[in-house]
Structures are given as structure tokens and as C-alpha cells.
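Going by the order they are written in, the chains are A, B, C and D; count residues from 1 in each one.
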């Protein structure tokens, strides 16, 4: 069975978005990219602005949780309607976050990808990109992988985005899971 | 029955996005914003770059049509899962485009909103915003409204975005359709 | 003598940037656009982030003032080296801010343009654009024009950006001051 | 004598902007960042849009050359007025481009920095960032360094931006040239 969904999980500034763009370039079929950051941008400014505190911590309230669950259903329905989708998420709840995706994606062929980047490197890249609250990268680097199960893992501290994408694409195309 | 989806239709540079942000600010409940532009940004660069020609014309191919249909199913599923959603679209096919939304949204309480802006004004705003191919605004200003049925119409050439949003919000809150 | 510099002054969300883009489109010769916002973006993140408080107030410290003076010298030197330049600024100090530009621009042919927009309209556009701290537009709408002398004034609450630009361009091309 | 200007030269997608942000974070004094990309953004859309061809080649016309020279004078004047400045440029003309900077910067204490990144790596990062015409990175990777003399060289293919910035900052602070 062919992979229908690729879920990338990694901390802030771990390089997920760059890998997604490379994946879209190297995979032979067109894949849509859905990101938790785009979901956050779709929220009212009042909800969005209270999300990240000044030390880089993320505060998830019940309204966010409710809307995020609806968003996941929507992404899953997009796949069921025939689109290949790459999801770029940050599993702040580790294994529990993965579980929240498993339900809407049940029955679909999913490739789970861990995007690792050691905390110090991600923190440096957070400074270099200049558009993120400082501290998110370091706080999330290990946290998001706790208890999560992957089909493929890549390490952006030592591998370029394009090479990470090629590794993932090979797993997609082999389809052996 | 309470409005669950607001669909805004208008040509490029007619001011839809500004109205959406104002709607999110004035409506008492949180609404998610989904835009055709965000969908286009989720596509691979190769598909996206071939979409708008240098004169501002838009070239929809079969792959785009197929993925867009899947996206519409996903937006509808997000609503069915309990999120209120504002959709910001450009009905290049007029009434036919509206029909393509009616199917996935069937059974939901939808408010259809026409965002009008006379061609000359929209063309001027296209120059002022500076991030769109010249010609799109003028080509789309009338075209997108052909045969489309609305619950509310607003005119951004003569009304500020916030006032347009208040008109739409009043219709949402009255819920009388 | 031909106009060498156009200085646009107006509050946040009064529509200066849109007018600048239209001016660049309608003026027959190429004009460079320099904006106080671009200058702010050129500062270190630590200085930049402390600039606007959560109520939309702007806090100018001595380091900012010193660097801004150097920036003005640089813009003036660009003009003296032969480039036509449109400056997009916010005169938080009113007449005093104008005086600070007069010194580096002395001997050059300057067109001073007031970009007016009533506070309530600018505040609505601030919500519509969604990328500014709420409150800046209202606080600055009147303040920035106090005691400032203009060659041309435009009102974006009642005139489209492109028409404002045409009015300014006519003054540039007539050159009669 | 203390360094007053840092000039970073490197090809497209070599990582200059990230290094500049890190430099601004690690240097104890505030430094302003001026980039050739920001200069290009200050030009009228008509000039800007014709600059990069579809294969990633860059077409410099006489108007661009004239305005760029005026911009360099402006940057130099900003430094002479007391601001520390980091310049982020692409020496398409190699040694000749460096010479064009030497004239306006004469008498100032300049640190020349080469930002190297092997062509294949830069080309991969060009795909990952997704906002550049494909081909620029590869065409410029070697070209921009031809005959250029540096005080410091960094290699972003093997060193993180923050570490590159620390190397450059050490040279700035030692001031020994």
C-alpha cells in the first residue's frame, strides 16, 4: 500500500519546514503541506498572541485544543478525499500527541518521521532565523520525542534538509512498513 | 440554527483578507480562517509557480482541480468536527465554483458573502500592495460574481473592512436565513 | 529645480507604504523607497523588540535616537549621490521630527507630504492588516502632524492610494515650490 | 582602531542573513544590518522584477548600477555618522565588486568576511527555503569569491551560523588587522 500521509514531528527550529519543501521537490507526485504553524495563523489574533509566552513556553488552552482537534479531522479528510499530505507538527505532548493523530488517520497509510536536532544547535538556528521567541527551540528539542514511535528518523544537526528529504522519500517510495 | 461557515467570495485585491481579520476580531466566538491563497501555498512550488501567468491570468490544471476538491472536503470536515470557519475564496468559475462548495458543505449552515470592489479600485490596490501579479484584480473583479447567490454583499470600494465585517457579523448573529 | 526627495509623514496604518508603491509605479523615473520600518528592521532584535509596548505606545531610547540620526545621514547621502528617494516616516515628535530631517536634507529639493487618516479609520485598518500592535494607529493619527509644514497633503480615509500618489506625483513633476 | 563596518560576501543561500542576525545577538554593541536584498526591495517593482531571470541568472542594468552606487554612498555615510554597520552583499563581480565598496568606505575600519558554502549544499538550501529562484545558489557559489580579499572566512556548509558569527565577532573585538 502506498504512503498517503507523512507526519513530521520535531521541536521549533529543528528544520521541519525546510525538509517539507525539499520533500515536495523530490517526491514524484504532488504532496500538500499542512503545518501546525499554518493552523495557528488561521486562528484569531487574540488566541494566537496568547500562545507563546516571553520565555518561549507554549500555553495550550481548552479552546486551542478543541480547534486543533477539528483541524486534525480536516487534514485527515483531505487525505481521504485523495490528496497526499505532509504534516509538520510539534508533539508538545509526546506520545499523547501522536495518539491524537492516530485516531483521525486510522486506516490510512502513515509514515511517522522524527526530525531531531540537538538543543544547542536548534537554539542557535532560532537566533539565526530571527522570527521566533527565544527559548522555544531549547525547551522543545527533547520533549516532543518522548515516547513517540517513528518509521524514519532524521537528524538536521548533521544532515542537510535535502538529504533528510531524500531519506524520507526513499521510505515513502519503498512503502515497506 | 447558528451559522457554522462563512464563505467570502471576491476577486484578487478586493479586500477579503482584511475583512476576515476584522471578522475574527468582532465575532464573539473564535473562527478559523481558511483561504484559497493558503491552500495554494501548501502546494509544491512547481505547481504553484505555474498558476499565474505574467498578465495576471490564472491557469487551473487537472492536478490543481483534484487537490482543490480534496482541500474543500477537508475544510468541510473541520466544520463538521466543531470549528467555526471563514473561507476566503475566488470563484473563478462563478456559479459553478459556488456549486463545488455546496456539495461538501451540504447540511451545514452557510452564510454566503459577496465581496465586491469595482475593477479600477481593485487594480489600484493591487499596485499599492505590491505582492501580486498586475492584472489579476481587473480580470477577476466582475468574473467571480457571475451567477453567484449571496446572503450578504459588501462593497470595499466604499466601505472600510471593519464596517464590512460588522455587516457580516450582524448577519451571522441574527442567523435568519 | 527638480524634486530629489519626497518625505511622507503619517501615523501607523495611515497607508504610507501603499502610496509609496503607487508613487514608484506612476513616477516616470525610478525612485528608491526608504522607510522607518525598514530602519527598525535593520536593528538588533533586542533593541527592536523593546520599541513598541503592548498598548501600542512607542518607546524611543537614546540608542535608537543616535542610530536613527545616523540613518537619516545615510539616506541624505544616497540622495546626494544621485538617487531619487521617497522616505516613509512617522514624526512621533511632530515639528521637531521634521527639523531633524531638515538638517541632513539641507540644500536638496524636498517635497513634504502629509498622509492623513482619521484615527477611527486607521484603527480599523490596523485590525484588518493584522500585523501591528493594536493602539498604534489611534495614538499616532493626530500626534504626528503637530506643527509639521507640508507642500502636499493627502487623506487616505477618502482617497485611494493610487489617487493620493497621482496628486503627489503631479506636485513632483510641476516642481513649483 | 575599532571595527566600524563588517562586509559579508557570499552567494545566494550561503547563509549570510542568519549570520548577520547572530552577529547582532553576540556583539556587545548594537550593529545595524544593511543587505543588498533590502536595497533591491527598495527599488520600483518594475526594476526589481526584471533582475532575476527564470534560470537564476542576475541581470544588472545601468540604472541598477547607478542606484546601487548611490546606496553604497548612503551606507558609508551611515557609518561615518556613528553607526556600526554589517553589510550583507553578493559580489557578482568578485574583486571588482569589492573595489566598488572600498571607495566609499575609505578611511573606515572594515572587516571583510567571506561566507563560503559549497555549491551543492547551497543549492539544497535554496530548495529548502523555497523563496528563491532555483539556480542562483549554484551559479553564485564560486563566482562571488573570485579575487576577493578577506580578513576572515567562514564555511556554512560545515559550521552553524552562530559559530560563524562567534568567529567573526572575535575578529571584530580583537581588532587586529
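By definition in this document, a residue touches a chain if its C-beta (ideal position, glycine included) is under 8 Å from a C-beta of that chain, and two chains touch if they have at least 3 such contacts.
Keep in mind it's a predicted model, so treat the numbers as computed, not measured.
S.K.: Using mean Cα positions as chain centres, tell me which chain lies farthest from chain B.
M.R.: Between chain B and every other chain, the largest centroid distance is to D.
S.K.: Compare the two sides of the chain A and chain B interface and say whether they are made mostly of the same residue numbers, over half shared, or of different ones.
M.R.: Homomeric contact, same residues on both sides for the most part.
S.K.: So the centre of each chain is just the mean of its C-alpha atoms; given that, what is the distance between chain A and chain D in Å?
M.R.: Distance between chain centres: 32 Å.
S.K.: Could you please state the distance in Å, as a whole number, between where the Cα atoms of chain A are centred and where those of chain C are centred?
M.R.: Going by mean C-alpha positions, chain A sits 40 Å from chain C.
S.K.: Can you check how far apart chain A and chain B are, centre to centre, with Cα atoms defining each centre and the answer in Å?
M.R.: A distance of 27 Å separates the two centres.
S.K.: Specify, in ascending order, the residues of chain A that touch 2 or more different other chains.
M.R.: Within chain A, residues 21, 25, 45, 130 contact more than one other chain.
S.K.: If you look only at chain C, which of its residues touch chain D in the complex?
M.R.: 21, 24-25, 30-34, 38-39, 41-47, 63, 66-67, 69-71, 73-83
S.K.: Which residues of chain C touch chain B once you look at their complex with the stated criterion?
M.R.: The touching residues are 15, 18-19, 21-22, 25, 121, 124-125, 127-130, 160-163.
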